[in-house]
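Some notes on the structure that comes next.
Chain nomenclature is as follows: A, B, C, D and E, assigned in order of appearance, with residue numbering initiated at 1 for each chain independently.
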Amino acid sequence: QDSGFTNAPTGSTVTLGFNVPQTGPYADEGADELRAYELAVEHLNGGGDGGMMNTFSSKALQGNGILSKKVEYVTGDTQTKSDAARASAKSMIEKDGAIMITGGSSSGVAVAVQALCQEAGVIFMAGLTHSNDTTGKDKRANGFRHFFNSYMSGAALAPVLASAYGTDRKAYHLTADYNWGYTTEEAIRASTEAMGWETVAAVKTPLTQTDFSSYIAPVLQSGADTLVLNHYGGNMVNSLTNAVQFGLRDKQVNGKDFQIIVPLYSRLMARGAGENVKGIFGSTNWHWSLQDEASKAFVQSFGTKYGFPPSQAAHTCYVQTLLYADAVERAGSFAPCAVAEALEGFEFDGLGNGKTLYRAEDHQCFKDVLVVKGKENPDNEFDLLEIVEVTPVEQVTYAPDHPQFAGGALGSCNNGA
Amino acid sequence: MGILEVKGVNKRFGGLQALGDVNLSVQENKVHAIIGPNGAGKSTLLNCLVGKLIPDTGSVMFKGQSVLGRKPYEINQMGISRVFQTPEIFGDLSVLENVMIPCFARRDGAFRMHAIESVQSEHEIMDMAMTMLEDVNMAEKRDMHAASLSRGDKRRLEMAMCLVQEPSLLLLDEPTAGMARADTNNTIDLLREIKEKRDITMCIIEHDMHVVFSLADRITVLAQGTPLVEDAPENIKGNPKVREAYLGESA
Amino acid sequence: MDAIILQILNGLDKGSAYALIALGLTLIFGTLGVVNFAHGALFMIGAFCAVTLSRILSISRTYVDETQKDFLGRPLEVKVPYAHDIFGPEMGAAIIDWAVPLSILFAIPVMIAVGVIMERGLIKHFYKRPHADQILVTFGLAIVLQEIIKYYYGANPIPTPAPAAFKGSFDFGAVIGFDANTIIYPYWRLVYFAFAAVIIGAVFAFLQFTTFGMVVRAGMADRETVGLLGINIDKRFTMMFGLAAAVAGLAGVMYAPINSPNYHMGMDFLVLSFVVVVVGGMGSLPGAVLAGFLLGILESFASMKEVINILPGINQIIIYLVAIIILLTRPRGLMGRKGVMEE
Amino acid sequence: MLGLGKKDTTLVLLVACLTMLAPFLLNPFPEGSAMAQFNAGYPDLMQRFVIFGIFAIGFNILFGLTGYLSFGHAAFLGIGSYAAVWMFKLLSMNVIPAILLAVVMSGLFALLIGFISLRRSGIYFSILTLAFAQMMFALAYSVLTPITGGETGLQLAPDDPRVLDTATSASGNIPVPGLFGMEMRDTAKLELGSWVFTFNVGYYFSAIVMLISFYLAIRIFRSPFGMMLRAVKSNQQRVNYTGLNARPYTLAAFVISGMYAGLAGGLMASMDPLAGAERMFWTASGEVVLMTILGGAGTLIGPVLGAGMIKYMENIISKINSDILHSWFAFLPDGLEDFMVAIVYPFIGKGWHLTLGIIFMLVVIFLPGGLVEGGQRIARLFRRKKQAKGDDASKAKQPAE
Amino acid sequence: MNVKPDFSKGKNYAETAPAFLSVWDIHAYYGESYIVQGVNFNVHEGEILALLGRNGAGKTSTLRAIARLDDPQITHGEVWLDHQPLHLKNSHQAAQLGIGLVPEDRRIIAGLTVEENLKLAQIAPPIGWSLERLYELFPRLGERRNQEGVTLSGGEQQMLSIARALARDIKVLLLDEPYEGLAPVIVDEIEKTLRLIKEQGITTVIVEQNAVRALELADRSVILDTGTVVFDGAAGEVLENKELREEYLAI
């Protein structure tokens, strides 16, 4: 029996904590994450068709739970607020004896819960979090991120944008006024400027803004010919809708067609923007239309169970659960430090994004990044984005001490009590 | 020099000259009555004295100091208390508490924070308040919610609240309106008694001539915002101008 | 110069949304004196009336098309709206396209019914209760309404586009002699502005030229006495509530194309609309409208990058800052009535 | 006792017993049983109960006594948290200086905001406080990110100076808040049969602070100061014409309640050293209003009950998922089980808001005085029963007519 | 007294003479406090009834109960006006059936001008005196028609309150202390008006502390004490009966 760490499982079961937004604006995203988690648990316990367990390069998982303990789970509501997220994570740790916490759909929450897990001595497998900080200045030894980040978005998008729109563009950034917005703007600016674009202005917009008209109206006057919306979720839906309403995309500036770019796409949110996403570039961690075996297997089992394809949030959450389980199997222990060691520098394949590395220095996964575009003629209601390019991992890899990730330290892993 | 000197006070409301050049001198330890038709500006004049209104021009001196520009509570602390025409009491508090509050104001001034002591331990204040309630015959109602008092009782309570402060100048705006005859008589006695016991000056507005003539040492008749006459009570009764403008035949 | 005109225009349009929302709130909060935290929910329900109607219009029959495949590679189920069958494909498509304007007709009875039911069933018992109780009950109601919508429509925004005829924007600058593309203005926002003006005008006229407004105001100041004068004030309060709900709902219907409706849009607007009403002055309809436009325009100016560069973060706080300044300099807001909710 | 009347002493003792025995009372169901889901006796939630209790008690001093409805009180909670975390970052992990600074800072802000806002009354006051709080939230969330940590919140880092303490513990981790060697998170477990009871240092520390706050609040309620505040609520005109300056009284109440909020914020940061801007959002201010009214505004114990109720819903009901539901109804035949789950499902888990909304409405409709009134009604019912018995007895003695 | 007369139309009244307004054994509560404890009296068409009693005797409460206001709540008893069962109605229905109450605190509606206050009374049918006629009766109101009602002087408010009742076509006028706060000349004036009103056939119930004046005006009198009727008879009788006067009216 394992012992000497927080919530060491004693019985025949092991409890995982799924902490997702169940209320608030990201509730649908959270619901999709939860579906993925339930699917993952089913697969881990040997149910269903096994999904990506069949394609996963590591074969440690047997379909008999984790280390032969049946996987059980508890759920909590982050409300997309760091306080609430921490409260529910704490209750899962303190009350339900969760050995690992995973989930979330915003960077603020991820960072907050990651710090909590570090303190409490459990592993945190981040869900959807895209800010550089999660594995940058706010990284923690007990926290791991599979999802990509702002820097990778910039690095992946820039070449595609250059080839589609040319290298002589004037960009106007609208940036959500909080950490994720800052890192995303920084990343996109850095990579687009590197290929010759000019940034004419970058304006911060309040998180609580719902109508972006007064930010969008001056764009044309500024002489910019490209609008970058560093917005996510409801902000993105509204700002994009407003921008299209203003007819920006029908205009010509500097002799070029005006273009809009959304660095981070989410299919669920794209649906909220409706027709307006057509032809607009962005990046995403994963998309269900990927044709590799792993993705197909995942879409197959998810789609059969729930009737629609999974979102990128669902994908990353599913993968994180498998990765955790696999690491425990390989380490032969639930002890966080052992698990962390097993994950650090772990190389794998067969989970949908090609060959992937969990880098030891910052606990960030490095894998291919998708550049997508709003589809002009969707075949069905889920077919909103088309993959323009799969940017190879080399192109989005950066040094651990890259300035965009400066500050902070991983610290050492914590086994807790 | 009176304790209260009002000089050349004017007050306009839009097009209405509510007070026009009012001069008034109230002598110490005297009861000065202000009478006059409805809308003559009597209440407005009191409002100017207690800081509820600021006169457009003129001066109001109390004990040689100007009251103009001071806040109502400062004026009260100078020693002016007022009973309003429509009772202003603390409806949510008990009758006893209603009377205790002015006791505190008298002892502690405009602000003092007794946040930790208990009300129950303030014996002297409680005693003071109870004595006052007995004086106005309301002792048995001490625990009643002030809002549920009948109208006459509310007036008596308000008067008790003013009297307990032992102000040097007490302004009474129709203190006995709506009071039963018996209570009116009691009130007259009470006011008399207080006047004798303590050195107190009163300024009283009343439409009940019985009250006015029983109490007043001097009477000012106000009509349309200006003093018509000022004289001793005996002379007022007979004044034909006053009879016509105000008293009518029945007086 | 053109930048300033642009922001004024923008402010006007944002202001018309604020004014319209605040107008409905003023009828309930400023006039009936009920602190209605469910007002945002009414706005949201209005927007979902548009969503619902467009869904109703596009109710479809399905047939399986073997030639096409769905995401799992199964034969695709193709949907054809009944509207296409009934009115012919062209006319049917046009009707679906015009769902939002059509929703106005749909929303009026729905919203009046919602308002009346809400008042009769719930609010009626709270006129005499403390504001705190009103807050609790209406907040509870708002949550319930919100959750019901979320249950049926999900948490994501639902795109509800304006008719194709209103797509794109009007080059205002070109018309008044500036360079092309400097001052542009989406057509639908022009429609919204005009619509707001009409509604505001109609509500004003109704309250100004009938005794209705006076009676309701009197009823709020003193229900008992109004009853003594033989007036059935309950009935009028109910009507007022229905009216307010309809105004809120219409504001929501027309707002749907501007921002895709989601279940929490009401809460997003709630605080702001209270601020607008209070800054305008309690009990004053013109005040609410004026404050709506004023705050809209100021917000637009504060969002200019030139301004943000000088005062970082000003766009975040401008509305509240202005609210504080106005409330401190004008005790009862811009045009507030004395004695309304001041106790 | 302690300068309180008999009734109040009983109340304080009762609350003291309840808080001290909370680990038992809140864990009535044996571990592993189907009902264990409803156990609330784990440190985080217990801490939240008492901390939000403090917040609500303080809010009630302002709202319950003066009637001034502040809609921005969460700002002070936020300030308290930030102050405490900064103290952890700069000085030491001891909670005492952190909490002191939290109280002082929130008191200062309350003084400033109160001084300005109290120039208006009624709804105008509410909106002023709301505006201040929203501004503070917006700034904390974005522009002031260097001071507040922005969206992520202000957290401890291994490279903090912490002049009186080590920056990192021996194991290379950030140290945790403590009180002279006792860590706030230290927990002892007591297993009795299949029951597990948890005793947590942080909880008991907060509980004692709460008891002190509660006691002080009672003293304030029963003091001449409290009476003045009620007078201000009842008739401010009269207060002024009685020679009392209402402003310092209301301002004092505002500052005191702001300090309570700061204390709550400081404690929150001491239990969990991260301060987020969302704590200052208007919904957080609204929450304390709701807690107070739900429990019973103007009553002593009401706000604590309200706080407990809302936090319980938020933390317990929201965590029930369909899996757990199925296990509850597993004893039913399959069809019926699914049916029951389908009925209950919308109200739990992600539907916990719905349940909360319904409870708000039910309480305010049927118990106009909040939960306290509910308690009183039950008490009255019992008393009446007793009385009825007594009446019967006395009737029996009377001779028949 | 123990047999309840049948007040409905077309029936023979067994005991009472034709009564226009009948108050039959009403009991009314403010919340838990029992205030009106079984009040009985009849008012005949066209007469003036003086309802007298000490402060807190329950006069106001009785009038409010008759006018069917929410407080106090009638728990038992009946009120009939001109064959209509008022106890089954609520206040606005009672008003439409012809009850006109002039409340003791006047209840001028804040935020409305004098004229609006009067217009408000003429919204629900039946409509009584025209505005012109009212302004003729109270010229002061005419002068102040555009002033906000609550800024009127106390006496002016009283006039407005009476005028507002007359603006409706009422069958019974319930006056709660109409003379309170009025200058003696105006009291004379109102008394004249009341006589005038009486000539028009309007039935009046008047509650007044100035008992003598009220009794001079009234045909009959009912005296209340702690919520019950202690005297019911001709007005003159009270004036003659010294005991009664001293015991219940203290005059």
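Quick note on the criterion: a residue touches a chain if its C-beta (ideal position, glycine included) is under 8 Å from a C-beta of that chain, and two chains touch if they have at least 3 such contacts.
Only a predicted model underlies this, so the values are computations on that prediction, with no experimental measurement involved.
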Joint neighbours of subunit C and subunit A, given as chain labels: D
Steps needed, at minimum, to go from subunit A to subunit D via contacts: 1
Of all other chains, the one whose Cα centre sits farthest from subunit C: B
Pair sharing more residue contacts (C-beta pairs) when B-D is set against C-E: B-D
Chain whose Cα centroid lies at the greatest distance from that of subunit D: E
Chain centre separation in whole Å, for subunit E relative to subunit C (CA means): 48
For subunit D paired with subunit E, centre-to-centre distance based on mean C-alpha positions, whole Å: 52
Approximate Å spacing (C-alpha centroids) for the pair subunit C, subunit D: 34
Mean-CA-position distance for subunit E and subunit A (Å): 77
Where subunit D touches two or more other chains, by residue: 138, 141-143, 353
Pairwise chain contacts, counting only pairs that touch as defined: A-C, A-D, B-D, B-E, C-D, C-E
Subunit C-touching residues of subunit A, taken from the complex the two chains share: 24-28, 31, 177, 201, 203-206, 208, 210-211, 213-215, 217-218, 220-221, 234, 237-238, 241-242, 245-247, 250-251, 253, 268-269, 271-276, 288-289, 299-300, 303-304, 308-309, 379-380, 382-383
Residue numbers on subunit B that touch subunit E, as the complex places them: 13-14, 16, 35-43, 85-86, 148-153, 174, 177-185, 207, 209, 245-251
Complex interface listing, subunit C residues touching subunit D: 35, 122, 125, 129-133, 135-137, 139-144, 146-148, 151, 267, 271, 274-275, 278-279, 282, 312-313, 316-317, 320-321, 323-324, 327-328, 331-333, 341-343
Subunit B residues touching subunit D - in the complex, by the definition given at the top: 50, 71-73, 76-77, 81-82, 84, 88-93, 97, 100-102, 104-106, 109-111, 113-122, 125, 161, 165
Complex contacts: residues of subunit D adjacent to subunit A: 39, 42-45, 48, 138, 141-143, 145, 150-153, 155-159, 168, 171-174, 176, 185, 198, 272, 274, 276, 278-279, 314-315, 318-319, 321, 323, 349-350, 352-353
